[in-house]
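Per-chain residue numbering starts at 1, and chain names A, B and C are given in the order in which the chains are listed.
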Amino acid sequence: MISLRFSFFAQCLLLLLLLFACSWISLFSWSVITVTPADALHALYNMNQDSIAQHIVHDLRLPRVLVGIMVGANLAAAGVIMQGLTQNPLASPSVLGINAGAALGMASVSTIAPWFGLLGSSIAAIIGGGIAWAFVMLLGSAWRGGNEHGRLVLAGVAISALCAALTKAVIIIAEDQAAGVLTWLAGSLTDARWQTFDSLWPVCLIGLLGAMLIAPTLNLLQLGDDNARNLGVSLMWVKLGGSFLVLLLVGSAISSVGAIGFVGLLVPHMARMLAGQDHRKFLPIAMILGACLVVLSDTVSRGIIYPAETPAGAILALIGAPFFIYLVRKRTL
Amino acid sequence: MKRLLVIALSTLLFGFSLIAQAVSVEDSKGTFSINYVPQRIVVLEFSFVDALAAVGVSPVGIADDKDSNRILKEIRDEIGDWASVGTRSQPSLETISSLKPDLIIADISRHEGVYADLQKIAPTLILPSRRATYEENLQATAIIGKAIGKDKEMQARLKKHDEVMAELAAQLPKGKEVQFGVARDDALFLHTADSYAGGVIRALGLKNANTGRSDDAYRQTSLEQLLTVNPDYFIVGNYVTPSIVDKWKSEPLWSILKAAKNNHIYAVNPNTWSRCRGIISAETMGQDLIKVFNAKK
Amino acid sequence: MATRSLPFLILAMIGLLIANLMFGAVSIPFKQILAGLQTGNEHYFTIHEYRLPRTILAMLVGAMMALAGALVQGVIRNPLASPDVLGVSHGAGLAAVFYMTFFPNADISWLPAVALVGSLVAALMLWWLCGSHSSTIKLAITGVALAALYASCIDFLMLVKPLEINNALLWLTGSLWGRGWNQLAMLLPWLLLIPFALWLAKPLNLIHLGDDSAISLGIKANKLRLASLAIAVGLTASCVAICGPIGFLGLVAPHLTRKLVGGRHQILLPATMLVGAILLLLADLVARTIDPPIELPAGIMTAIIGAPYFLWLLLRTK
């Protein structure tokens, strides 16, 4: 483990290098039209307008990678904040019902009530996720604090099941839309374009900055609610603000690529192993790791039944679910 | 008087049933025999409606998803009114039973689970429809012809169908590469060489685009993959407008598609091309294609 | 109070039984129902072959699922627990979807058996991971995590092989469509579990006083838990195998019953069976008659009826 005890900046640098490598590989790998690694770089600097390969890199792959990076960072940061707020190692957008709620909002808008369209599917996703999260927090009595980790998770699961059942109902009623909605439910970067990037980055920037700002307070929460209060933290405002940040981060990610799950559960734990318990350090590490994870699984998702694509979210779920089981078994609840 | 009528009618019916001697056909569950000419037929997939309409038989009930527009107008005009028996995936058995059918035509892929129940209502012919290829569909159509006592008419119709298709093929350029896809709000599904539409395209002397791995009939496709398939002619059935293809049209990559460069992208009725799957719709598809190829001149 | 609502429940159930036989895509007058039981009657198929087995099935499945829910909630002592947290229905779902995608041409009548095996394997898996010494809440969360694993595998399969999506989804929502006497016969042996469950009522009351007092009263808390959960697994697995996972029944029915008759298991368990039967009969009736001839899966109706009630209830009990 000595090799892991680099200084914080060295760690960040190495992870950024890793992220760069993942992104670069993602730019050229698994394409039916041959895209050389060199093409991938050319498309970034001086693009040859006649080369289809470079067009693919510039118009499809590059926004896809960038969106993947932002989504990964968003979800990881959201997971860190949620675990910090609830002091629950299992807290994450997918376990606590935000994903399922957002999916329900999105599915009902796009299938049952298309005239709702003026609302916009992304707003529907955020509203749905917000309502689900509020219910989970209320039911799990997360506001009171304490050590009832199980209760919170059970509340999340019950709400998730509820949303999932209704989503399934919506899909079956509108049979023809089934396949499309399923892909969206799993979360896929296939349709990420420059427009997606343009609408995502401002929210992402605000959300991530907000997360960095709240990090020192999260450190105080680790001392327990009472101690935090004695140190002058207004629990109410921290929790409200934190929840708002989580919704912003998760909502923007979900509305641009669908309900990608388990990043928020998995990554904070990995980051904690690398950088220890200080939120100011492991939050940025978590963001970079999340980005790596999403970009990597997006790359794999293109290769697994090549040339067809599997949604990246399905791959992440396959990695994430066993990890969830591992966490449950390891932690004493 | 009434009794006399009944006797007369039953003798008449008896007479008919003697004329129409028992026929046996092979369906997906083995041998199917029927010794009368069915008058009240209930069908549970669109392709069977097409087969009945081809020889001028009207079903009494159709699993039409409660949306009569899903059936082609040509066919609707031919068969007149019918009763809906619910969705194709879960048809209402009691509605079927209340129609008192004397033949049910069901799809092996969707209705195998209720085959036993259907048989309790009426003799049930179960044939491939969903996921069936063009060739399988023609075979199923011929079997239906035999089972409803219209073997001769159906053979004649199928022969005519071959001629019509040959005629249509003659008007179409040979060996052009055509790809059909169904566009929804957020996804494009290409119908590969194994699909029904792929088979019709081949039967018309055209070529399927190479979609790579071919173990599935319908494949969800991203813009990047569409670029690699890069068909000469691209036929789109839009289930909703604007569909995802309309969104893609505003992207710079779209203009790299061969079909987009040469203006060879055409919209067609997705019901004809994807849902109905039968000889009438195949002929309509051929006519659609002729319009497509004449439009460019 | 407690015993007074029982006759009402029984009456409501009988009323719904009759309504289920009378209404559907075609309404049949009350007087004709009995006649429909005889061969040769014009309604013979509709009544005897279609509505009767389906109605009985709805009644039994509703009762069994609700009973399983009451047992699980009794053991885990959390109002949010339900048979779903054991991962049993997701295990069944995974087995069924696996079977449907990889053997599309195989005989569909094997599906219940496959699903049953899947759910039992899921239960064994949970037991293997937790053993009999874990705390109940840990057991529940492990079950949830396992369920999440199965769910992600289901999604993965459905996305990689998209052709069977609608068939699989229909099954995964839970439906009584197309279920008849054969399926009913498959369910019958499992009814034997019900007397055992009722026999557990008294000890279940005692562990509610806390493990220590239960032990001092001569009850082995761990064994009791194991037995209750095993029975709940058996009940759920058999129902899921036949109808698919019908959501919320196991969660909502015990809650509703507790409000009506209180928490004593001797009354709670039989009453919750009645309530479960009533709920599923109602859901299936609505699913069949809301827009005939279209049939919705009953699982959708239980979710739509059950979900808002469940939320309201939880918010009120806070």
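Assume a residue touches a chain if its C-beta (ideal position, glycine included) is under 8 Å from a C-beta of that chain, and two chains touch if they have at least 3 such contacts.
Predicted, not measured: the structure shown is a model, and the values here were computed from it.
Q: Is the C-beta contact count larger for A-C or for B-C?
A: Top pair by contacting C-beta pairs is A-C.
Q: Sort the other chains by how far their Cα centres are from that of chain C and give me the top one.
A: B
Q: In angstrom, rounded to a whole number, how far apart do the mean CA points of chain A and chain B lie?
A: Comparing mean C-alpha positions, chain B is 43 Å from chain A.
Q: Between chain A and chain C, what's the gap in Å when you average each chain's C-alpha atoms?
A: Whole-Å distance between the two chain centres: 34.
Q: Averaged over CA atoms, how far is the centre of chain B from the centre of chain C? Could you give it in whole Å?
A: 39
Q: Counting only residues that touch at least two other chains, what does the list for chain C look like?
A: 162, 166, 170, 297
Q: If a residue has to touch 2 or more other chains to count, which residues of chain A qualify?
A: 175, 179, 183, 305
Q: Where in chain B do residues touch two or more of the other chains?
A: Expected reply: 65, 87, 89, 220.
Q: Mind pulling up the chain A residues that touch chain C in the complex?
A: 90, 94-95, 135, 138-139, 141, 150-151, 153-155, 157-158, 161-162, 165-166, 168-169, 171-173, 175, 178-179, 182-183, 185-186, 261, 304-305, 310-311, 314-315, 317-318, 320-322, 324-325, 327-329, 333
Q: Which chain C residues qualify as touching chain A in the complex?
A: 78, 80-82, 84-85, 129, 135, 137-138, 140-142, 144-149, 151-153, 155-156, 158-160, 162, 165-166, 169-170, 172-173, 247-248, 251, 296-297, 299-300, 303-304, 307, 310-311, 314-315, 318
Q: Show me the residue ranges of chain B that touch chain A in the complex, using the header's touch definition.
A: 65, 87, 89, 184-187, 189, 212-213, 219-225, 227-228, 239-240, 244, 251-253, 256
Q: Under the touch definition given earlier, write down the residues of chain A that touch chain B in their complex.
A: Touch list, chain A to chain B: 31-33, 52, 55-56, 59-61, 110, 114, 175-177, 179-181, 183-184, 190-191, 193, 305-309.
Q: Quick one: which bits of chain C touch chain B in the complex? Just the residue numbers, please.
A: These residues of chain C touch chain B: 24-26, 45-46, 49-51, 104, 107-109, 111, 161-163, 166-167, 170, 175, 177-178, 180, 182, 288, 291-295, 297.
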